[in-house]
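Look at the two complexes coming up: subunit A is in both, with subunit B in one and subunit C in the other.
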Partner chain A sequence: MTVPLLDIRNLHLAMRSFEGEAHVLNGVELCVNRGEIWGLVGESGCGKSLTGLSISRLLPEPPARYISAEITLEGRDLRALSPREMQALRGKRIGMIFQDPTTNLNPTARIGTQLVDVALAAARHDPTILPPARSRRAGARALALDMMRQVGIPDPEARMMSYPHEFSGGMRQRVLIAMALIGRPDLLIADEPTTALDVSVQAQILTLLKAMVAEHDLGVILITHNLGVVAQTCSHVAVMYAGNVVERGPVRQVIERPAHPYTRALMAAIPTRDTPRGGLQGLEGTVPDLIQPPPGCRFAPRCTRATEACRAAVPPLTSQGPGHEVACLHPVTEDAPHV
Partner chain B sequence: MSESTSDPILRIENVTKTYAGRSGLFGRAAPVQALKGVSLDVTRGQSFGLVGESGSGKTTLTRSILRLEEPTSGRILFEGQDMAKLSAKALRALRARVQIVFQDPYASLNPRMSVGQIVTEPMAIHHDLLRLSAAQQRERAAELLTLVGLGPQHLGRHPHEFSGGQRQRIGIARALASGPDLLLLDEPTSALDVSVQAQVLNLLIELQDRLGLTYFFISHDLAVVRYLCDRVALIHHGSLVEEGPTDRIFDAPQTDYARMLIGAAPELRVP
Partner chain C sequence: MITFILRRLLMLVPVLVGLTVIMFAIARLLPGDPVGLAAGPNATAAERAALAAEFGLDRPVWEQYGTYVAGLVQGDFATSLLTRRPVAADLAAYLPATLELVLAAMLLAVGLGIPLGLLTALWRNRWPDYLSQVLAIGAISMPRFFLGLLLQLCFAMWLNWLPLAGRLPIIVFPPDPITGFITIDAALTGQWDVLRTALLHLLMPALALSLSPLATIMRMMRSSTIEVMGQDYVMTARALGLPRHLILTRTIARNAVSATLTVIGLYFGWLLGGTVLVETVFDWPGLGLYATKAILSQDMMPVIGVALVIGLLFVFANLLIDLAYGLINPKVRYS
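Presenting the complex of A and B:
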């Protein structure tokens, strides 16, 4: 068996807050290979962004406290790296697009300057990414132009001179993708990259992302709350609930035969062309308090299938078919009603 | 629901809105034509959906209906009356009957006010019309909260103590406080999780069935519009490009814009 690109096991994270310490990640397990696009989905607050930030070690400790974490990139233990080594890895092997748009582009610097800076920083760790040129700066500029062209920004020479506010939302998102890919990363973590965009622009960006994966053979984690986006874009999906991956597998298996009652409930809440008026199923109850989380399966208090055993211990991921795993003692086995 | 358009509660007639160009560092920008001759009828008791991309003019149209913007030309009629010709008193009375629910349930509720104050505020504003005593206002607020799935026990609490979906319920209770016939809903669920969105959409349907409300519903999400609305209009660069019964628009779109929007919306099935 080959070593996976990214392997996360046993990721337990606590976050200190005013009210107390919240156990926000409760044993996350995720494994990503090259060429795969993993959709990471779940309701607001379930831990999607914190999972992404844990991989690239961008959470300050405190308030973050890792109770346990095994995270490897091609077999290399990321938790054991020095801050310097980790920074090099972020510039070069892991590309990130953050959910918070203000952390992404500097409003006062030209687009071209920002891209060239990122290229120069990445080249410090791997000079071979720069095309041959008179100087490093000229090489970085050529690379920046090439990336802008690849993500479909028309007339890149002229657009290098623009400021972020002169770009539309879709164009800015393309720049961010260019920036994240400029160091030729092996892994791209994109946190809600299309949430603020029109559906037409969203469709373009997602097509672009798929093309980039096919061309550069990277692994991607696409964080989104939109299961439709996952169905259209991803090869695999991991569903999170209150700090756990409760179901994961190839996208077709999970969407067409969701086994976890939570995945089912999430899907039943999404209107489709066949949902009759009033026929949408809301999800009863609310997400649990993570300062005093319920014991065992955190979904049990809202689950119609829950039994005593569910409240005793967190159910482990068990196989549900090729590559398809579910953390549930009473998985659903019928076909999903909507397919 | 009946297909008749004989009794439009709201009629928009050839409305245009031009914003003068903003003057900035580089001189005056060209004027923006936010609405270009928009006409539509909203039937009483129905849900009318307005869909379009960012910047297409949706909010400008809602603001014009609320008379927060003056249309450059054209007329907006509520129950046959031209809103521009109403006296100040008549306009105030009409405001009680047309209410809005905003997009962001986090930003649209005053954090310093209690839920009771938030929901009774429109009753105080429209006191000359509703004539409710303070005790009656509180009683009505409790009824409204129960109607939206909360309860009297929430009257003394503050917005930060509620989830996004609960806050949107409070926003709906507030919008219902003055006894409106028409609710303008500007992306009321786009800030919410699908699980919470489902609760709010079902609540809107239930309230419509019980109270006979009319909805003017703005959304980016075609699946949501399809679920809720009887008729749909698609707006593009300030012009309506297509309008009709929901099923017709989705099953047999007539324009490239409609086909593009429908095609680009990510559906919950693996291609």
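Presenting the complex of A and C:
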């Protein structure tokens, strides 16, 4: 068996805030191989972004505190790296794209400068990414132009001289994708890359992402709220609830046979023509208090199938089919009612 | 951009009209007897009347104002009652000293305030930060003339490191004026001894003048740096693996400076006004000292002239700052 690209185990994270220390990640498990696009879904506040940020160690400690974490990138323990070594991986092995293209570009620097800077930073660790040129800077410029072309920015020569506010939202998101991919990363973490964009631009960006994955053989974590996006774009999906991955597996399996009661409720909440609009269907109550979380399955208080055993200990991920795992003692076995 | 500059220069007209009107009104409303002071205690009534007639002071105010403005248009700032010299010539003679002092103070305030603000933001909530915050509050709330006196006491009287006052000792010949700034002229003509002496004389008044804006710029820079460090694009820059020094200069400092620049613009005007006190304390032969002496003898033409020059400089300084702001912050491109 080959070493997975990214392997997260036992990720427990606490965040300090005014009210106290919240146990926000409660043993996240995630495993990503090259060529796979993992959708990471779940309600707002369930810890998707924090999982992404934990991988490249971007959370300041404090307020963050890791209770335990095993994160490996092709077998290399990321938690054991020095800050320098970690910085060498960012942009180079791990690329990140964030949600809001209006706030994630430096407003006072030209697009070209920003791309060239990232290219130069990546080239310090791997000069082979630069095409042959008279100087490193010229090489970085050529690479930046090439990348802008690849992500579909028209007239890149002229656009390099523009500032971010002169770009549309979709174009800015393309710039961010170009910046994330310019260092030829192996793993791409995209935190809601299309949420701030309108539907047609969203579709273009997702198509672009898929093309980039196919071309560069990346592993991707795509954080999103939108199950439609997952169904269209991802090969796999991991469902999070209150700091836990409660179900994961190939997209088809999970969507056709969701085994966790929470996944089921999440799917039922997708508004289709036959279902009335509203909140999560058949789900009473709210996300548990993470400062003093209940022991056991965090979904138990809202779950109709919960038993004493559920409240006693967090159920581990168990196999539910090929590659399909669920963290539930009483998984649902019937097919999903729709989709 | 040209229209932007022209529009801003047009703004000068109301500023100048306002200044002259206000200054004329004050000159008239002030109780006192400028003619009597200028003519001296032994002058006869006829002599005083002659003096008043010579300077047009027997005319109605609106007529005096009209004559003055008519002169201004041709660059004539009227004549000093006391010295009988044209005010324009005096202004030209005193302006370089004031500008040298103000620019030196500005250089100190910006050159130290910006890096200190950046550093204290990076050291936020550790003791060097707390210490500098306390010192900054002290510096802002201390009156300038008092600070000047303290500096004189400490560095000139006790330690004897720096000259007490003045721009150059009488025994030193100033270099031939090229720019009018003694330091720059001395450097241009290669008179290094003079340069050294001039710099030593400049240091204390510039420090006294700059400390409060320095502290304000530092605090402003600190808070905008902290704000910028929380911005998404800084996180993105880190996530993309940019080296620390690049994040600090290109991402953090640049954006924080653009927010701080507006304060710097305001302070230039504040410094120009502040020179009056500091020049008096340090006997610095600039516009401030000139105006003070004129006020004491109720000689209003020089005072009006100084107010006009400072008003002009203020408008120009703000124009320059706005242009610089546009350079740093591409979103503000003069519309």
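By definition in this document, the second predicted complex is superposed on the first by the 326 of 339 C-alpha atoms of A that agree within 3 Å, B and C clash if a C-alpha of one lies under 4 Å from a C-alpha of the other, contacts with A are read in each partner's own complex, and residues count from 1 in each chain.
Going forward, contacts are C-beta pairs under 8 Å (C-beta built on N, C-alpha and C of every residue); 3 or more make two chains touch, one makes a residue touch a chain.
Computed from a predicted structure; not experimentally measured.
Of the two partner chains, neither subunit B nor subunit C is touched by A:A158. Contacts of A:D117 after superposition on the shared chain: subunit C is touched, whereas subunit B is not. Within the superposed three-chain model, A:A309 lies out of touch with both subunit B and subunit C [touch as defined at top]. Look at A:I255: by the touch rule set out above, it reaches subunit B but stays clear of subunit C.
Using the contact criterion defined above for the overlaid structures, shared-chain residue A:T286 touches subunit B, although it does not reach subunit C. Contacts of A:H225 after superposition: subunit B is touched, whereas subunit C is not reached. Counting residues of subunit A touched by each partner, subunit B versus subunit C, the larger count belongs to B. Every residue of subunit A that touches subunit B in the complex is listed here, in rising order: 43-44, 169, 198-200, 202-203, 206, 225-229, 231-233, 251-252, 255-256, 265-273, 275, 277-278, 280-283, 286, 338-339. Here subunit B touches subunit A in the complex through residues 53-54, 163-164, 193-199, 201-202, 205-206, 220, 222-224, 226-228, 250, 260-261, 263-271, going by the rule given at the top. Contacts from subunit C toward subunit A in the complex involve residues 231-233, 235-244, 246, 250-251, 254-255, 258, 328-331. Contacts from subunit A toward subunit C in the complex involve residues 56, 58, 87-92, 95-96, 98, 100, 103-109, 113, 117-118, 121-122, 124, 163, 165, 176, 179-180, 183.
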